[in-house]
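Here come two complexes built around chain A, the first alongside chain B, the second alongside chain C.
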Partner chain A sequence: MATITVDGKDIEIGDNERLNVIQAADRAGVSIPFYCWHPGLSVVASCRMCLVETGTKNKETGEISMMPKLVPACQTPAKDGTVVVTDSPKVKANQNFVQEGILLDHPVDCPICDQAGECWLQDYYFDYGHKERRADIHPFTSKRRDLGTHVSLFADRCVMCSRCVRFTREVSGEGELMVIDRGSHAEIDVFPGFPLENKLSGNVNDICPVGALCSTDFLYQQRVWFLEAQDSICTRCSTGCATQMHVNQDHLYRIQPRYNPNANDWWMCDIGRYENQFVNAPERLDGPRLKNSTGFEAMEWSEAMREAHGRVADVALQHGGRHLAFVLSPFLTCEEAYLAARYATGILPDVTLVVGKVPVVGQDEKFKGGFTIRAEKCPNRRGVEEIARGLGKNVLDWNGLLAAIGAGEIRGAWVTGGYPEAWIDDAEAATFERLESLVVQDILPSPLARRAQVVLPGVTAFEKDGCYVNQGGVIQTTSWGLRPRGGAHVDGQIFADLLKRTGLYQSAEVLRELAGAVPFFARCAEGVPPAGLNLVTGQEKRPFSTELGTVSHPTPTFRSEASRMLEVESPTL
Partner chain B sequence: MADFEPVLLSNIHKQDSHTLPVYQAGGGYQAIRKVLSGMSPNDVIELVKASSLRGRGGAGFPCGLKWSFLPKDHPGPIYMCVNADESEPATFNNRILMEQDPHQVLEGIMIGCFATRAQTAYIYVRFEYPTAYRRLQGAIDECRAAGLLGKNIQGSGFNLDIFLHRGAAAYICGEETGLIESLEGKRAWPRIKPPFPAIEGAFRKPTVVNNIETLSNVPHIVNRGVEWFKSMGIPSTNPKDPGSYGPKLYCVSGHVNTPCCVELPLGVTARELIDRHGGGVWKGRKAKAVIPGGLSMGIMTEKELDIPLDFAGPGKVGCLGLGTAAVTVMDETVPIIDYLYNASRFFAHESCGQCTPCREGTSWASRTIARIKAGQGRLKDLEILQSISQSIGIMPGTTICGLADGAAWPLKNALSKFRGELEDYIRTTNPGGYGQEEPALALVELTH
Partner chain C sequence: MQPEDKSIKWVREPQLGLTGRMYLTPLIDGLATTAKHFLSTVKGDGFTRQFPEERPEFGNPLIYRGVHRLNKDDQGRVKCVACFLCATACPAHCIDIVGTEAPWNDREKYPQSFVIDELRCIYCGMCEEACPVDAIELTSLFDLTGASREEMIFDKEKLLSVYDMTVVAEPSRKEREARERAPAMGKGH
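Presenting the complex of A and B:
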């Protein structure tokens, strides 16, 4: 173990951990301020906020020799014997001067700035700033300008950390952003005619430590201190980015990525971030419906479930279990899929379990920094497949189901949906007209729902607890941040009710049960760690967590408990 | 002192001094032949090390030592970058060398490349030097035609190509890593060190960056030997100081009768330069202050003119160093605030904007000084300037490159050496005391 001394306190770090002094100090509970450093980007050491005094400690004599100059903590590796001093007058004087310099031309328009409340400059000013302003320069506020569809620039608020520029060069790889002009006139900009339009563009808003880059989508929508954060998982592709949803009064205001070295690192794509209008779509299914001769009629949940159960059970008992198809959507959580499968095989053990339609759009898109947007546009194909295979005697995929209906082998079906976009066309839905009974459980109206006898409204990923298994076999938990809309019920609750389980549906309990029932999930019998767990290999990178908020989540998010995760990777524990 | 016989400038008065035949007739390209015909790269490095040749670009880093930092047995390529981005105000010695004697420069580059095993050299020429660019290009073409450049030079197996690269007129490109970034086609933001260019420089390969004048000395060292070279200049008195040996081009400009570039052994005094070579201060006036070696080095007062201008000299009177040895004279009528105004404006304009202390500090200083000059100064502005000058630079460690030191030194020197004058200026121009009231507190109470 390597020993590092931070402000007189010795801490030990692993020999093969490559930490810089900021990270090492963080472990010692000492916060070193920084702007330009980001664990996911290259080091430029240009903001000069993290300057500290360093030295080395002689192992034998214990003698400490300090370096005369200040050095950037972000660029200095923490090695055995490194001594770091972060609170000397010299260090403080520099932090002071950097703050003062940045604020020379900063408009200090916090009252109208979206970043206020999660602004690093604001926070640091209280901790490291001058008490009074010595400069008599009167800054002004320039107008907002668009760098791209999702990104607004307020040039005067910029601290020139160049994180956004490096992001577009190193992670998204498109390189749209650049620094123009020189010295104190330098600004972030795009080349005329080449706006910031890549699929990861929203990330630059997150990594901007101040209010220079703001999300156009979120602009002036909400003060961040009213928002409540809830850890969530993006369901828009099988990468399964760890996210946070920011909610106030049951309204989803924005989604930000959450650091997870097992899935998405620090990033997420604009599709997952911005295309969530389906949550509040007015056409969301809002109550159970039963088809009658003239159309659909609304009915009570208990009655609807009895009706639904009756219809599928009839098919199974009349024609045999395998003639009833139970479609497990890849948008169901593992727990829901498990309960659904339990319910289906409880009717008759040989009921056909079908892995729902897996939407595939184009090819996987891999970006320069390694981030990948998957072609498979659903969060849990992997988990649902394993559950169907683990519990079902007859298992089909979606095309198999269509073929089987065409061949007359399937007489009745219960189809779960949850797709955020139109997922089935009229022609495909017409296949289901041959069925004697059809129950559809979905969130949005679809050609299939129109053909159902019973329609049950489920909920979106933002409204439920549970786990998803991404394409790499990493299981992660999501939790609800919005209450189920209107008359909709959480899918897990529907199946729990159908299984005649009493009480509220608790996903953690179901997961434990699932771990015992399906060997693939055996590794998560004790629950899922915050950064997920690879069910295939058992390997995981476990973020090192500390008490501090700053380094822990280097995207500027207001300080929520949930965001306290560190970029430091320790080897599998 | 008897008249010094020029070494570096020995050719420049000849007709067509920039052509190959003239250069060769004067004994040119003997040194590279000598090197190629019997010396090993290591021999050359040892020779240059023994001569204590120090970089003429400003920092005075020992040249042989720099060459020896390159990794041995590197599979290559190794690059040599020649810093001809001579942008320090009032400096024009490299320009004379490039325009009047480009072959001497090329010969130096060839020997340097041989010693460092570099097979490609880039000369980063300042945009404002079109004549130098054309003459260098002409000289390179001549050499290629004569078999002095290219593959297997003179049958020795040594390959070398020299390329010219024109800068786009930025001061920061004279910083070695800024130069490398610019050469690579990027924004000239100096790199963080380590890694130093000798390990990872241009195109991520080991790179040595030398000044034109430094390299021009090398052929003479090879030809005439270490003893000859060390017979000029001022020996070191301190074992840590490599001494100041060899000839140096001093530029004398400003308020003198005959501005000139003159070659003298290191260690001449500014007074001698002004009186003997510059023809004295103009209009019969006295000198008030002298910039010893480019704007970034600070200033010396009239009383300090007898300090020898070697690598250690200006430092003894509080200046940053010898710099480029461009002596700029200000006569007694120059208000020191004007000097500060020019200096601070220059550095604020040229700061690359990467490091916060330099970007904001230079700009703040320049705006404050402009206000003082305009007659709205406050005495406490001097305190602010003092604190800015102490907060920026590579010496306290707050910036990546030395530009901020260059910006800080004029401030430091003016504030320590001419404080009385500055205070008087503020008192007389701003008797009413504009802005003497306290500025509003940014935050009235800081509570934690």
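Presenting the complex of A and C:
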């Protein structure tokens, strides 16, 4: 164990933990301010905000020898015997100078800046700032300009921390951004004709500590202090990025990544971040429908469920359970898939469980920093497969189902969907015309829903609680932030009602039940920690406690982002 | 309360005399009171006002908290920068703003729509205090009426027209301060 002294307080860190002084000081409960350092990027030590006094303690004599000059805490490794002083007059004077220097060249247009409320410059001004402005200049030289589709640059507000430049060079790997000009003229820019258009571009808005880079999509939509944050999981590919959804008055304003070393680190892609219009799509299924001779008629939920149950149960009882297919969509949460499987096998134990269609688009895209956008565009194939295998006697995949229908072996089906995009074409849906009965539970209209006898509207990932298992076998929890749209019901509630369970559907209880029923999920019996659990290896890639921070911003209480970034979550493993 | 309590003084209602019982004298007494008030009102008693013909006078109309207005800048554009600080400060949640990018070169953001529900407003003046650019101010217009609820929801155009209506009598804070400063600066030169 290495012993480090921070402001007179000794703390111990593990031998294999490679911490810098900022991280070590945080363990001691001392926060050192910084702009340019980011745990996911290389160290440049250019902002000079984190300068502290350091020295070494002689183990034998206990004598402390200090360095004469201040050193950047982000660049100084914390080793055995390191002594750090963060509250000396020298350190405070430096923080004061740095803040004043940045503010000299800053327009202080906080009232119209989208970052206001989650701005590091604002936070640090209160904690470390020079309280009066000695130079009466108001730099306002340029208006907003686009660096790419999703990124707006307000050059005046920039503090030249170069986080965004390092991000495009080290994480996304495209290197579109650069610093042009020198000294006080320095600016972030792109080469003419080469805009910032990579699939991770939205992340630069998050890591910008001030309002220089703002999300064009979110620009002026809402002041951040009105937003409520809800932890969620992205469902657009099988990476399963931990995210936060920011909501006000039941409207989803933006999605930001949440730090999880076991899934996505600090990042997420622009698809998951920006392509969420399907939540409020006007064509969303808004109530249960029953097919009659002329078309679809609206009906009550209780009646629709009785009708749906009656149709599939008839097929099973008439022809045998094997001839009824229950399709578990990879967009269902584990809990929902479990309840669905319980319901299906409750009709007859040999009902065929089918793992729903797994949409695969292109190839996995791996970026320079290791972040990967998966070709498998669903969040929970793995979880659903395990549940189907664990509970079903007959298990098929989607192609197997199509073949079985073609061969006349399947006579009725209950298909769950939840796909954010069109997932089935007319030709494929036509296969299902051979069935005697078809119940479709989905969020958007589809060729399949048109052919169904009963249509039940489910909800999107933003409207439900539960767990997803990503491609690496990491199970993570998501929680609802929006209320179900229109007359839709939460899928878990639908299955709970079908199982005649009383009361509201509680995903945590179902998960406990699932952990007991399917051995793959046994480790979830005590719940799922914030960083997720790897159900396959049983081990986390990195212990959560050594890696710090999150780039996602506000919490309902809007603590300083920096303090949140340094928040150490203790592993419950 | 005890009936034998010494501190209680018991009084009996006086018996009416003959004149009293004829009701005539009390009637004349009452008419006299009415006539007295009538005469004093005609003479002008300092209390009764002939509203709305006669308008009340304010000690200082500049600090009265009546209907809101949205100030204009020297180019006649809305001064508001759509920062939402008034909406944030508003305890009645009566301000609804939609901000967007400004069409002008020297400004980043402006309100595409700015709506105040004057019925919901409690006229506390917090919006005026919160405003960083002195764009929203409360005027001395107090007799606000409308035939419907919709009429009392003031949009940006209406709030700007309140400015045009009141700007002469009640100059904005910035102008007042400039006027106060002007003589002092003159001395310096």
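Assume the second predicted complex is superposed on the first by the 539 of 573 C-alpha atoms of A that agree within 3 Å, B and C clash if a C-alpha of one lies under 4 Å from a C-alpha of the other, contacts with A are read in each partner's own complex, and residues count from 1 in each chain.
Note that contacts are C-beta pairs under 8 Å (C-beta built on N, C-alpha and C of every residue); 3 or more make two chains touch, one makes a residue touch a chain.
All figures in this text were calculated on a predicted structure; none of them were measured in a lab.
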Room on chain A for both chain B and chain C (clash or fit): fit
Per-residue touch tally on chain A - higher for chain B or for chain C: B
Touched partner set for A:82, first chain B, second chain C, both or neither: neither
Touching partner for A:51 - first (chain B), second (chain C), both, neither: first
First (chain B), second (chain C), both or neither touched by A:220: second
First (chain B), second (chain C), both or neither touched by A:186: first
First, second, both or neither for A:112, with chain B first and chain C second: second
First, second, both or neither for A:143, with chain B first and chain C second: second
Chain A-centred angle between chain C and chain B, computed on Cα centres after superposition, in steps of 10 °: 90
Which of chain B and chain C A:239 touches, first, second, both or neither: neither
Chain B versus chain C - smallest C-alpha distance in the overlay, whole Å: 10
Common ground on chain A, meaning residues reached by chain C in one complex and by chain B in the other: none
List of chain A residues in touch with chain B within their complex: 43-49, 51, 68-72, 75, 90, 93-94, 97-98, 100-105, 108, 125-127, 129-137, 159-160, 162, 178-179, 181-186
Parts of chain A lying in touch with chain C, wherever the complex brings them together: 109, 111-112, 140, 143-144, 154, 219-220, 223, 225-226
Chain B - residues contacting chain A, complex: 170, 172, 187, 189, 192, 348-357, 359-364, 367, 371, 384, 387, 391-392, 394-400, 435, 438-443, 446, 448
Residues of chain C touching chain A in the complex: 81-85, 88, 99-101, 105-106, 108-109, 132-133
